[in-house]
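Going by the order they are written in, the chains are A, B, C and D; count residues from 1 in each one.
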Amino acid sequence: MDTLAQHDNDSLPGDFAIWIFIFAELLVFGVFFLAYAFSRANNVELFNESQMQLDRIAGAANTLVLITSSYFVVRAVAAIRTGNSTRCVHWLLAAIAMGGVFLVIKLFEFGDKFSAGISLSTNTFFMFYLSLTFFHFMHVILGMVILAAVLFKARSGGYSAQEHTGVETGASYWHMVDLVWLILFPLVYVIH
Amino acid sequence: MQYSSQAVAKPYFIAAIGLFVGQILFGLILGAQYVIGDFLFPEIPFNVARMVHTNLLIVWLLFGFMGAAYYLVPEEAERELYSPKLAIALFWIFLVAGALTIVGYLAVPYATLAAVTGNDLLPTMGREFLEQPTITKIGIVVVALAFLFNIGMTIISGRKTVVNIVLLTGLTGLAVLFLFAFYNPVNLVLDKMFWWWVVHLWVEGVWELIMAAILAFVLIRLTGVDREVIEKWLYVIIAMALITGIIGTGHHYYWIGTPEYWQWWGSIFSALEPIPFFMMTVFAFNVVNRRRKEHPNKAATLWALGCAVMAFLGAGVWGFLHTLAPVNFYTHGSQITAAHGHMAFYGAYVLVVITMISYAWPHLQHNAPAANGRAQLLEMWSFWLMTISMVFITLFLTGAGILQVYLQRVSDTPLPFMVVQDKIALFYWMRLYAGLAFFIGLCLYVYSFFAKGKESLASS
Amino acid sequence: MNTTPFIRPCTVIWLLLIALTGVTYLVGQAGVSGMAIVGFVLITTLFKSQMVVDHFMGLKHVRPFWRALLFAYLLLVCGMIGVAYYISL
Amino acid sequence: MSETFTKSMARNIYLGGSVFFILLFLALSFDTLGALPKRDNRHNITPQVALGKKVWEENNCLGCHTLLGEGAYFAPELGNVYTRFGGSKEAIMGFIASRPVDGIPGRRSMPQFNLSNEELEAVAEFLKYTSEINTANWPPNIQG
């Protein structure tokens, strides 16, 4: 009998409190995305020109990194559902490491832009680019902190096959961070 | 009243209501000066009356918050107050300092007051809401720290409930952020930027924690709903308040010389600021509907629900009306701002203090859970009279604001400020009448404390 | 216990997401523009995000309301972005 | 299975969310401090402007007027008064100095502050400095 696939549960995975937070965050990002899109409609040339200066390879690489990291978290949740704390910890570690890779790539990108004299006040496009990516950057850090907290608890055997709400809570937040980037990348880096 | 030291709240509440009456009297003077320009001129010029009006508001709300803390902290911590004597001493210090400051405003020209109190040494005066002489500001800090010490010691050594912890965080934030009142650089932009760290981060930040904690306490007592449920939502609501409110500071950084990206950050986050207020309203009604007991103090329940609704309307809806940068470009510093300010302060902070007083007073004065039926009836009448008057004050100011914005800033032939003021005088007259009605409501409220009734609702 | 039935679809989704990201990147590299391209990228994005919601977040297995809510959110955001690009043409 | 919604998680959201947004706010404020020199006209802050700001504060001008839209709404905006008065400091000084002591019957009137000539000049200079701050084109027009 496969109890895992069905997750026999009507309610959201993890603690409901994190979902309130997730919905609030999605709302902020959603409004931010639309603000970008409609500002662009008033400044098409400026946006298209400035967008050319972005490092699309770094953006795409980071998308792959986050997707993979998300996938690792899925594996961590699957592991703890079978009560395998050790495996859960390993997958969480891998997911956090991927988060670290994301940060490093992003820092190189930021460094590149700052050394080119680009700041929040350069123009509307870069205002949005830096605001959105920095805001997201901070979310990656927060997500890593949450995953690390989950990891430490898992390592000390704080979760079991029956009780692992904490893992699902952290996982849900991390997937949200991934989800937002999935929209951010094509919006800011690709389409014009 | 479970702990005898809770009684120290009583003088605080009396002072709060007394100063509230003074605030409204000066509000009436201001309202009259808007339409009769030379009213009481030059004895009480507008700027002096306004300073008294706003400073009294802040001081009486602080009295209210402190009284509320002294009342609820021992009950939550399940122990006597650390030092009731300190609380009484602070009361007199704060009252005398406040009274002297107000007398100073009224008795001598402001420049003289500045000279006498040594504003040259550390200039902090002459900025909106922070007009107090530097020495008064230092006094406020000392009182606030001693107060926090007293409350903190009580909380730390007692039962640590969420209500207490949130209240303590809010009060600490209040004291810490006030320190920015001492930073007054010559650079006007920096001055304004950090001035908002006091003003915005107070009223749209840490004060909301205080408000939510007080409301949560009263709702727990009035409804008997499980503490766990209320505390859980208390956390979620204040989390939302801070998440939206901190970056929401940006809605003050549109036109004061700060970079233009604040127009986006400020608009996006402050547009979400109504959410916590909306949650609070829904939550308050939910809790009251699911009440597990019939508390005899019906008036307190009315104030609590009214507080949630009016805070949502005043701070949430009226705030949202002019918070988006493209709208604010036209409405900034107009009567729209005044409309929002009046209803938001009334809804969120005046009503929360009165809610607390309404809940605590029967315990403090009569050692009973509720006042007599007639007194409660009068209280409820005063609620409706004041609240409806405030709604009309807000509506009239909004009308004045819309006309002002159009005539002065939007139309093809913009008119000078004073010409526009003459054209919208009708709205100011109506606002003055609504203000008079508010004052009648307030008199009724004060009277309700003295109303005698034969049968008490508590015994019926 | 066997976790394969849970993991295998997620692994497939993971590979699919990687492939689709590659496609999005190539579209960007090609430097092509126009409403059809924008529409294609946005629909891909919508699909990718919904995959994350359904399988990674696991909302496929809970009350349909939540999944619908997130789908509505994604549809609204991607749709409005599309509208913004459409009016700028 | 019923929904999990714990108080401790709610508290974590409150604490974590607050810290997160305080840090973000500090980061943005830090960037603002770096961007201000290009906007806030600080190179024109002279001792005279400093005196003017002090006179402005010690007479509670903000109790009636707005400055860059902040203050009371009883009297005109003064952030752009220098421009509105045709770029003339003398006009500003003359206006302040000529206010009648007993006001104007039935109308709003600015009090007579009895400022010295030095103070008048300083206030005018302060208002000139203020009018040159980059306020993102606010107010919408000359009427303030």
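Quick notes on this structure:
One rule holds in what follows: a contact is a pair of C-beta atoms (placed from the backbone, for glycine too) under 8 Å apart; a residue touches a chain by one contact, two chains touch by 3 or more.
No experiment lies behind these values; they were computed from the predicted model shown.
Taking the mean of the C-alpha atoms as each chain's centre, chain A and chain D sit 40 Å apart.
Between the CA-based centres of chain B and chain C the separation comes to 47 Å, rounded to the whole angstrom.
In whole angstrom, the spacing between the mean C-alpha positions of chain A and chain C is 14. Of all residues in chain D, those that touch two or more other chains are 5-6, 10, 13, 17, 20, 24, 31, 35. For chain B, residues that reach two or more other chains under the stated contact definition are 232, 235-236, 239, 243, 259-261, 265.
Counting only residues that touch two or more partner chains, chain A has 9-12, 17, 20-21, 120-121. Judged by the touch criterion defined above, the protein chains form a pattern that is neither an open path, a ring nor a star, and not fully connected either.
All chain pairs that touch, listed by label, are A-B, A-C, A-D, B-D. For chain C in complex with chain A, the residues that touch the partner chain are 1-3, 5-7, 10-11, 13-14, 17-18, 21-22, 24-25, 27-29, 33, 37-38, 41-42, 44-45, 48-49, 52-53, 55-59, 61-63, 66, 70, 73-74, 76-78, 80-81, 84-85, 87-88.
Residues 8-12, 14-18, 20-21, 119-121, 134-135, 138, 142, 145-146, 165, 169 of chain A are the ones that touch chain D when the two sit in their complex. Chain A makes touch with chain C in their complex at residues 2, 4-7, 9-13, 26, 30, 33-34, 37-38, 40-42, 44, 56-57, 60, 63-64, 67-68, 70-71, 73-75, 77-79, 81-83, 171-172, 175-176, 178-179, 182-183, 185-187, 189-192.
Those residues of chain B that touch chain D in the shared complex are 33-34, 36-38, 41-42, 45-48, 50-51, 110-111, 114-115, 119, 123, 125-128, 131, 162, 184, 186-190, 192-193, 228, 231-233, 235-236, 238-239, 242-243, 246-247, 249-250, 253-263, 265, 329-330, 332-335, 337-338, 408-410, 414-418, 421. Of all residues in chain D, those touching chain A in their complex are 1-6, 9-10, 12-13, 16-17, 20, 23-24, 27, 31, 34-35, 38.
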